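Scrolling down, you'll hit the structures one after another.
Two complexes, one shared chain (subunit A), two partners (subunit B, subunit C).
Up next is the complex of A and B:
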C-alpha cells in the first residue's frame, strides 16, 4: 500500500530537495559551476546585510497577511457555518467563494493594477468624491499593494479549513453553552474559537508557507521596489547562480519548517487529518 | 426542600414549524418536586415540548409558567431550568471540572470559587477522582454524570433530560436510571425526562405524560396509566394490554388479567395460535371471533397443570373490574 506513495514522494519531493542541498555546497564563478563541498554560499548569505533585511521583509508580509486573512477568513467561515441554516445555501455560498479560483492567480493579481494605478479607478473615484485632491501614490507599487494582493489571493485558504472545522462542531454544544448562560461573545471565545483552533492552524500553515515562498506577487505589486526571499532566489536563478539560489532556498525551507514546528507545538491538528 | 420547589405548568403550548404542528395546544401541570416522564413515539412532539420548556425553541402560542411566572420569553439560563442533552454535549476542550464550572465562569465567578463548587457537584455524582480528565477519556456513564453535574450546578428548579439513557448500553441504562431516581429524591427538584421507552418511564416516573401526534393522550401516575389506559394508543404503547372490540365498545384488558378456561365457561372462545414460554410466565395467543388476537400471560405452573397447544379451542376469562373502556 505504502510503496507507490513512497516512490512518488522519493521522486518528486526527497530527490529534488537532496539535489538542492547538494548544489548549495557547489562553487560558482561568473561563467562556471564547479561541484564541490564548500560553505562559501552560506558564508556569503549570512554575511550579507541584505539577507537579514529580505528575511525580515518576508516575515513582515507573512505576518500582516496572516492577520488579515485570519480575520476575514474566520468571519466568512463563521457566517457560513453558524448563520446560514440550510445546507444547500451553505454549499451554494461556499462555491461562490471559490469562483475567483477559476482564473489563474496571476490574472487576479494583475487585475488590481488598472484599479490601483495613479489614474486608476480607485484614485479617480476618490477624487470625484472629493475625498482626496491628489492621486494617492501608495495604492500601487507599494507594500500596501503587495499585502492587498496576498490577502485577496490567499483568504480562501483560511476559509476552507476553518469552515471545515466549524461544521464539525456539534450544534448542541452551542445550545449547552446558551443553557449555561453564555452570551454570544462568550460562546465565541469559550466554545467556538477553542474548538476551531486546528482549522485556524491548518489555514495558517497554508497562508504562511504560500506567502513566504512567493516571489511573483511581490515583484508585480511592488513594482520591483520590495524584495522577499523568493525574489532573492529568482534573481540568482536569472543570473544562473544556481549554487547561491540553492543555499538561499535551503535556508528558506528550514525557516518555514521551524515556523511550522513552533506553531504545531501550540495546537494539535491530528484530529483534522 | 420540596416545599420550595415551584410548579411547572404548560398553558395551551403550541409549536408550529411552517405548516406542520409539532405540539398542539397542550395543557399540563407537573407535580412540583416530582419525576415526570414525557413518553411517546418519535415525532410525537415530546422533544419539542421539552426544548420549549428549556428555551431552545420558541413557543409559537401559549405560555410556560414556573411558579406562576411566565417564562416563555426568557433566555434559557434565566428560566430556572437546566437541560441535560441527549448526547450530553460536553465541551471536548475542557476538563471535567471546567465543564461543570462552565456556567459559573460565564457569570464571571472567580476560578477558585467556581472550582470549589464544581468539586462539590462532582462529589454529588461520585466523580471527584476524574475532575482533570477530558470528556473523551470517560465512559458513557461517566460522561452522563458530568452532564448531570454541569446541569445541576446552576441550582435549577426543574431539570430537563432529553432521552438521557438512550446512548448507554442496556445494563448501564438500568443502573443509571436507578441513580437518576435517587438523585431526584435527594435534590427534591422536578425532573422532566423525555423517553420513548415505556419500561424506562414506568420504572422512573411519579407521573407519566403520554404524547402522540402533538397532543397529550393521557397523564397520570405510572400505576394509573398502566392499569387504566384511556385510549387504545396508550394501551398499546405502554404494553401488556389487549385492546378488544366487544359489542359494548372497545376495552383494554391487561394480558396478565386474562385466564384460560374450558370453552363453555369462557367469556369468549378462541383457538390458540401461539404458545411462548417466557420463564416465569407463558404467553398464550388466541384468535377470537372477528379475527382479533388476545394474549394471555399465564403463570408458568398454572399453565403446565393443564398445558395446551396451538390449534386447541379455549375459553378466555377475566374479571369485569379489569376491563377499561377506551375513549379513542
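Up next is the complex of A and C:
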C-alpha cells in the first residue's frame, strides 16, 4: 500500500538529492557540466565572504520572521481557542485565517505594491497625517518588505498547529489553576504555554524551513537588493553553474536538516497529529 | 455564562487587525484592477473600468496566460487525484508497522522541509543528464507531488489516529471482504477528510512556483507566467490577472468547503441510528 508513495519519493526526492550531491563535485565550463570528483565548488563556497554574509542574512530573516509569526500566531490561536465560545464560530474564524494559504503566494506578494510603493497608501497616509514630509524609500524593496511579506505569508503556519494543540488542552486544567488562585498571566505562563509547546515547535519548524529555503520572496520584495542562500542558488542556476548551485544546495540542506534535527528533539510529531 | 473579560475586547481588536493584514492587500489590488485606462499601479483611481480585464483576453498584451491557466488547471487536477489516492493508501499502510515505515516517515518529513528549489534543481538535473525533456506533466507533476503528498499523508495520519477500528471489525464479523470493508465502511467514514486532502492537493499545485520553476519545460504554468509578468508588466493588468486567479482560487476553496460540509451532513444522516431505535 505504501509502495506508490515510496516510489514517488524515491524518484522525486531521494534521487534528486543524490543527484545534487553528485553534481556538487562536478566541474563546469561555460557551456556544459563535466562529471568529476573535486572539492573546488566547496572550496570556493567556503572561501568566499559572500557565503558567510548570505548565510547570516538567511538566519537573520528566519529569526526575525520567527519572532513575529510566533507572537502574532500565538495571540490569534489563543483568542480563537480560549475566547471564542461556540465551536461553529471557532471553525468559521479559523477558516478565515487559513483561506489565504490556499491562494497564490506570488499574488499575495504583488498585492503589497500599492500599499508600500513610493506613492503607495502607506506613504500618502503618513504624509497626510503629517508624520513624514518625504515619502519613505525603505518601505518597498527592502529588508523591511521582505520580513513583512514573510510574516504575511507564513503566520498561518504558526496559527494552525498552535490552535490545534490548544484545542486539545483539557479546560478543567485551567479551571483547576484558577481555583488554586492563579492569575490570568500565571495561567497563561505556567499552564497554557507549556501545554502548547508541541504546536509551537511544529509551527517553528514550518516557518524556519520555509524562510530558510525561500528565494522568490527575497528576490521580489527586496527588488533584488538583498540575498539569502536560496537566491545564491537560483542565481547560479540562472548562470547555468549547476555544480556550484549544487554545492550551495547541499550546504543549505544540511543546515536546514541540522536545525530541524535539533527542534525534533523537543517534540514527537507523530504523537501530535 | 461569565461576562467577557476585558482581554476579550483587546484580543478581538487584535484579531480584526490580523484579518485586515491578511486580506487588506488582496482587496486593495482587487479594487485597483478596476482602474481606468489611464490609471497606474497605486491610488488614486483614474475612474473605473473593465479595461484591464479586457486586456487579459488580448493575446499580445500579456503572453500566453490562458494556455498557462489550462496547464495549471490540468496539472492541479492530476496532482489532486494522485495525492488523494496515494495518501489514502499510505494512511492505510501506516496503521500497521511495516518494513521501511520508519524510513518512509522520515522521507515524508524531509519532503516537507526540504527547500523547494532543491527539488526543482535536482529533478531538473536528473532529466537533463539522462536526456529526458522536462515537461510540466512529467517532471513538474512529480516535483509537485513531493509538496502535496506530505500534507495529504499527515492529514490521513490525523484521521486514522481518531478512527474507531471496531467498525471494521464489525464489518469483518458480518463477513465483509477486505475490499468491501474498505469500500463500504472505511471510505464513507473518512470521506469528508478526503475532500480536505483534495483541497490541499489542488490548491498547493495550482499555486506552486519554486518546484515547477526548473521542471516545467518550455510551457509555463500560471504562477510562472505571473512571475514573468512582474518583471516586465507595469500596468494594472497584473492586478486584473491576480484578482481573477484569486477569485478562481476562492471559488475552488468554496466548492471544496461546501462539498466537505455536505458530505459531513450526509454522513451524519446516513450514519448509524443505533441506540436511537424504536422502543
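Simple rule for what comes next: the second predicted complex is superposed on the first by the 261 of 273 C-alpha atoms of A that agree within 3 Å, B and C clash if a C-alpha of one lies under 4 Å from a C-alpha of the other, contacts with A are read in each partner's own complex, and residues count from 1 in each chain.
What we mean here is this: contacts are C-beta pairs under 8 Å (C-beta built on N, C-alpha and C of every residue); 3 or more make two chains touch, one makes a residue touch a chain.
Treat the numbers as computed from the prediction; the structure is a model and nothing was measured.
**Q** Could you tell me if A:12 is touching subunit B, subunit C, both of them or neither one (first, second, both, neither)?
**A** A:12 sits against subunit C, while subunit B stays out of touch.
**Q** Using the superposition described at the top, determine whether subunit B or subunit C touches more residues of subunit A.
**A** C
**Q** After the superposition on A, what does A:265 contact: first (subunit B), second (subunit C), both or neither?
**A** neither
**Q** So subunit A touches subunit B in one structure and subunit C in the other; where do those two contact lists coincide?
**A** Dual-contact residues (subunit A): none.
**Q** Please name which positions on subunit C make contact with subunit A in the complex.
**A** Where subunit C meets subunit A, its residues are 1, 4-5, 7-8, 11-12, 14-15, 18-19, 21-26, 28-29, 32, 41-43, 85-87, 89-90, 92-94, 98, 100-101, 104-105, 107-119, 121-123, 125-126, 129, 142-143, 145-146, 149, 153-154, 157-158, 161, 199-200, 203-204, 206-207, 209-210, 214, 223, 226-227, 230, 238-239, 242, 245-246, 249-250, 252-253, 257.
**Q** So in the complex, the part of subunit B that touches subunit A is made up of which residues?
**A** Listed in rising order, the residues are 54-56, 75-78, 82-83, 85-87, 89-93, 102-103, 105-107, 150-151, 154.
**Q** Any idea which subunit A residues touch subunit C in the complex?
**A** Touching subunit C: residues 1-2, 4-6, 8-9, 11-17, 19-20, 23, 72, 75-76, 78-80, 83, 85, 93, 95-97, 99-100, 102-108, 110-115, 117, 119-121, 124, 152, 155, 184, 205, 209, 212-216, 220, 230, 233-234, 237, 242, 245-246, 249, 252-253, 256-257, 260, 269-270, 273 of subunit A.
**Q** Which residues, counting only subunit A, touch subunit B once they are in their complex?
**A** The touching residues are 170, 172-173, 175-183, 186, 190-191, 194-195.
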